[in-house]
Amino acid sequence: MPAPLRIGLIGAGRIGQVHAETITRRVKGATLVAVADVNEAAARACADQYGIARATGDPHALLEDPAIQAVLICSSTNTHAPLIKAAAQAGKHIFCEKPIALDLAAIDRALCAVAKAGVKLQIGFNRRFDANFQRIRRAVEAGEIGEPHILHIISRDPAPPPIEYVKVSGGLFLDMAIHDFDMARFLIGSEIEEVYALGAVRVDPAIGAAGDVDTAVTLLRFANGVLGTIDNSRRAVYGYDQRAEVFGSRGAIAANNNYPNNVVISDAGAVRRDLPLNFFMQRYIESYQREIEAFVQAIVQDQPAPVDGEDGRIAVVIGLAAKRSLAEGRPVRVKEVA
Amino acid sequence: MPAPLRIGLIGAGRIGQVHAETITRRVKGATLVAVADVNEAAARACADQYGIARATGDPHALLEDPAIQAVLICSSTNTHAPLIKAAAQAGKHIFCEKPIALDLAAIDRALCAVAKAGVKLQIGFNRRFDANFQRIRRAVEAGEIGEPHILHIISRDPAPPPIEYVKVSGGLFLDMAIHDFDMARFLIGSEIEEVYALGAVRVDPAIGAAGDVDTAVTLLRFANGVLGTIDNSRRAVYGYDQRAEVFGSRGAIAANNNYPNNVVISDAGAVRRDLPLNFFMQRYIESYQREIEAFVQAIVQDQPAPVDGEDGRIAVVIGLAAKRSLAEGRPVRVKEVA
Amino acid sequence: MPAPLRIGLIGAGRIGQVHAETITRRVKGATLVAVADVNEAAARACADQYGIARATGDPHALLEDPAIQAVLICSSTNTHAPLIKAAAQAGKHIFCEKPIALDLAAIDRALCAVAKAGVKLQIGFNRRFDANFQRIRRAVEAGEIGEPHILHIISRDPAPPPIEYVKVSGGLFLDMAIHDFDMARFLIGSEIEEVYALGAVRVDPAIGAAGDVDTAVTLLRFANGVLGTIDNSRRAVYGYDQRAEVFGSRGAIAANNNYPNNVVISDAGAVRRDLPLNFFMQRYIESYQREIEAFVQAIVQDQPAPVDGEDGRIAVVIGLAAKRSLAEGRPVRVKEVA
Amino acid sequence: MPAPLRIGLIGAGRIGQVHAETITRRVKGATLVAVADVNEAAARACADQYGIARATGDPHALLEDPAIQAVLICSSTNTHAPLIKAAAQAGKHIFCEKPIALDLAAIDRALCAVAKAGVKLQIGFNRRFDANFQRIRRAVEAGEIGEPHILHIISRDPAPPPIEYVKVSGGLFLDMAIHDFDMARFLIGSEIEEVYALGAVRVDPAIGAAGDVDTAVTLLRFANGVLGTIDNSRRAVYGYDQRAEVFGSRGAIAANNNYPNNVVISDAGAVRRDLPLNFFMQRYIESYQREIEAFVQAIVQDQPAPVDGEDGRIAVVIGLAAKRSLAEGRPVRVKEVA
């Protein structure tokens, strides 16, 4: 058995803790040797909880540690691109949460550093590793439903994020729908050429006051002729609504939500079941494991990362195109933005 | 187009009206020319509602009418066997509601008269004509699930009948489960050799006081080796629960309930749908049409009735065996009763 | 019981025969007294099959018949508007299949005649009478899912119509999606203000050669702020795909397809069920009955028709807007067309 | 954070490895410090794979190790009772796979030793920890379906075990249905008073030649009046079929199978989904984690084990009663056996 891959975690917030738990308990062949967070107390708490040897308030300290082979960048979005660049220059393999950045120039600088250093870069589009969506992808790839014609993605959160987050996140298209833009490309296996986005403020006026929408429907046209829609809402009262359907020349394939159990209760009022899993921690827990396993494997076996920097860049490009479409009230060709 | 089959209806109660509606509005090739009910006012009301030319308080008047080719016997159970006998002697084809009678001697006299007269006799086991159960039967017959090994039938009413009916109906096994005994034979295509019935009074003590049970599970052993269960309750608060499943060497096939619509609602409390269709009028409405069509066709084309007197007799025999099993607390071979 | 409403049928083709069967066998309070078709043999055959007293090759003959109180216009689309006008002038109540016409001027002339004559006009948007869609409408109306935010309609035919029909039908948006435009308005209870349609030829190049598309996704913006999508395909190999979903502030409600049975088969290959009902005759058979019953009732009780001429006109307007959107590659405000 | 509970594993076969994986990777607060297997090479391989410090060919060596606080007995059935006794005498807490033994005297000796030593004993009825069945139990306990009236359990394996195993396992009722007897008690919360079992050889004649059945339906009567059925087959070609339903005075609750994904594919042949999870490793993986967590917690917090020795004993008693019922062709009261 080879020595485990030594990983440093940057960012000990919510998603950082998910990955810490995943690496510590679920992933073979990797070990967390250090955690950094600008909030040093958070780093220390995380280290304590997961038995990580080293905690620091300085992310760059990890990049200088020769014992660390790879880093997971889970800090705030504005730090992603500079950290990617620095980590690449330090020769570390990189796993980075989405989005890489909100402006393309910063993304391009980061990707350029990665290319120059020859390190692996994987972007955290974990949903590609979900069993349901992978099943759809396999069906499309294998021609199980023939040539794909139409795609639908429904992606609704159970509740909006704090308004402070909305203000800096890049908005619905860049912090939420970005997962769906990536999913659309993943499921169809073709590039999106045009988007037309309609948006509305229906959930919380404060979101509108912050310059964002909380409800949106985006129409997609792919290079291979597929037509698609994405449905986003910041609040589905019944829980986390994550579905997709591809229709093609020989059939259709659709993924439904995941539930905490499959029990059906019939009483005098209704035939009912419990609500879907409430949010990404529950719904996508297995996909977090699988994406980290894939990252570790890509490094260990020196193979391309399954979701690379270009994938991270394109999703941002489409998000920017959707924002422009919404702002200008017209279909926007992706080329206009990229 | 040949002249329609001229039918007389005996019994203008609930099920009689179902058949009146069916023949008048849904079945081609047949017409109701007379209706009889010992309650002459009921006969007249029925005639008015469905545009039937003749109404009478005397069922036997119909048997003497040479213009009538066939009768539907929908009067109370105790009149079934004598009316079958009389109708057969009058040369009428006969459709009779279940059960033929509660005692076998009366049944045998009736069937003997039918055999002697050479008329058609069809028993009203309408569920055989339900699309779900027919699909199961086709699968079993075609070997779609291989050799059948196990059968389950769930058959629960939404609410118990009036206690006065319970007292004269022959009880749960002869007025309710009799449909399921017939269904079991129909689905498996083999005879039941042994029954073991457990029963309880859980819904209404008055049912127990009337000498009956309102909850029962009956274990069946078929001649071809299939094992089966029947689940009966007089009250499923969520509606009419009518399901079946056959498990075999190459798979399983199961029918669920029918619903007024297939709409699913997700709200903050549950993912739910409306209750199943509430009772036999709604659930089995199409099967009533198909059974009458089959009866008309059997007469017009001079073919055997699809559910004959022997089928009617066997279901009563199994019901009697189940009653004896419950009374004596032991498995009862059907041969002991027949 | 009042005398039945005396109806004349114009057009003895496929949909005409559906209505003939419906009125003859399923609808109380109405009777077909005459049928007209420019193909007189077809009229005669229809009369024979349904026992209609009079058959003629001249539709106008029905309008002159004082015994006829209402007509059903089921002839080819190009005859709808002139026949509506003539029937109105003759004082007949009118049920007319969709679309009223493909050009708005003709529609307006017809509606003007109806208004002047004070007769009822109902348009054949039968899907409004489907149990699933009615359940959604009731939920939206009652606030069961709160304020509606997003609508999705999926409407795919099992197979394309003959290419000769495609050439004269007005195309996918006016002969097929027109039902969905009406359904969108019906479910949401608000007017569509903007459409953006993407279309493609994926099913049959001959459809493209005829100047039409066979695959389309249309984005809708409603006056009340709801965003919607409509998914159309001329060929779903698995059958007739007719679904809808409304998402709102307090939940979501979705209708699935209808099936010939609900049986599930598990074998070594899959857990599977039979295909959905194959086409509109099976899927919407009950809605045809209910729409005619509503028409008869509107006349008998002198109430407004539940789907009136304005509804018929608006659906055409939206169809024209969708066609323009597709042709010009831009969102089109409905006002531009109307 | 307290020091983790130090556990020794006895038996490094299939289920032993499941627990080794569970403790090593999924359960907090416990650590595997030694593994024993009479096949010492198997013990060593297991130790290597899961990083367990000590491996031995002598199970009793673990009992003598003062550093070990608890043992997991996963060796062959005939060793369970003596090992429980020895472990209890050595003051170890004990988790033991089902069944404790096939004869009651041996069980009683083991349980007596446990009682005397005052150690915890938990029996491996892992299904009690499955999310679906726990949801049913909660509903029954909370009165969500009112008073329970009827129970159904379906429990079918994907394929029979090796015939050599069948010969020593105690047969279908003691090695397979024993889980269902425990589940029946768990779901209903009342004791089983009578069983009547029908069995057949339908899957493999070699099973019959070995004196066992491969297909069985068992009827249960509970002390609280509930009636129940258990359906067992050694081979469901579509995978692992594990369902349950409880019907009560205020409703019904049913658990379906678990699937690797929830994707539905519609093509020209069927509307279908992938087969259920194939066997207990996949289906019950989470329940294995939860039962070990419960065991660890019971020890750490000095609370009763959630499935104790008496539960283990009763399930065997019912299995013996079912065997006798099958052999003698009559209902057997559980008291006759116990």
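Read from first to last, the chains carry the letters A, B, C and D; within each, the first residue is number 1.
Keep in mind that, in the parts below, a residue touches a chain if its C-beta (ideal position, glycine included) is under 8 Å from a C-beta of that chain, and two chains touch if they have at least 3 such contacts.
This structure is a prediction, so every number in the text was calculated from the model and none was measured.
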If you tally the C-beta contacts for A-B and for A-D, which one comes out higher?
A-D
Centre to centre, using CA atoms, which chain is the farthest one from chain A?
B
Report the inter-chain centroid distance for chain A and chain B in whole angstrom, where each centroid is the mean of the CA atoms.
58
Separation of chain A from chain C, taking each centre as the mean of its C-alpha atoms, in whole Å:
43
Inter-centroid spacing, chain D versus chain A (mean Cα positions, whole Å)
39
Residues of chain B whose C-beta touches two or more other chains:
236-238, 241, 250-252, 266-268, 274
Can you list the residues on chain A that touch chain C in the complex?
146-147, 149-150, 152, 156, 196, 198, 200, 202-203, 215-217, 219, 221, 225, 227-229, 231, 233, 235-238, 241, 247, 249-252, 329-331
Interface residues, chain A side, partner chain B - complex:
236-239, 241, 266-276
Could you pull out which chain C residues touch chain B in their complex?
25-26, 131-132, 134-136, 139, 144-145, 250-258, 260-268, 274
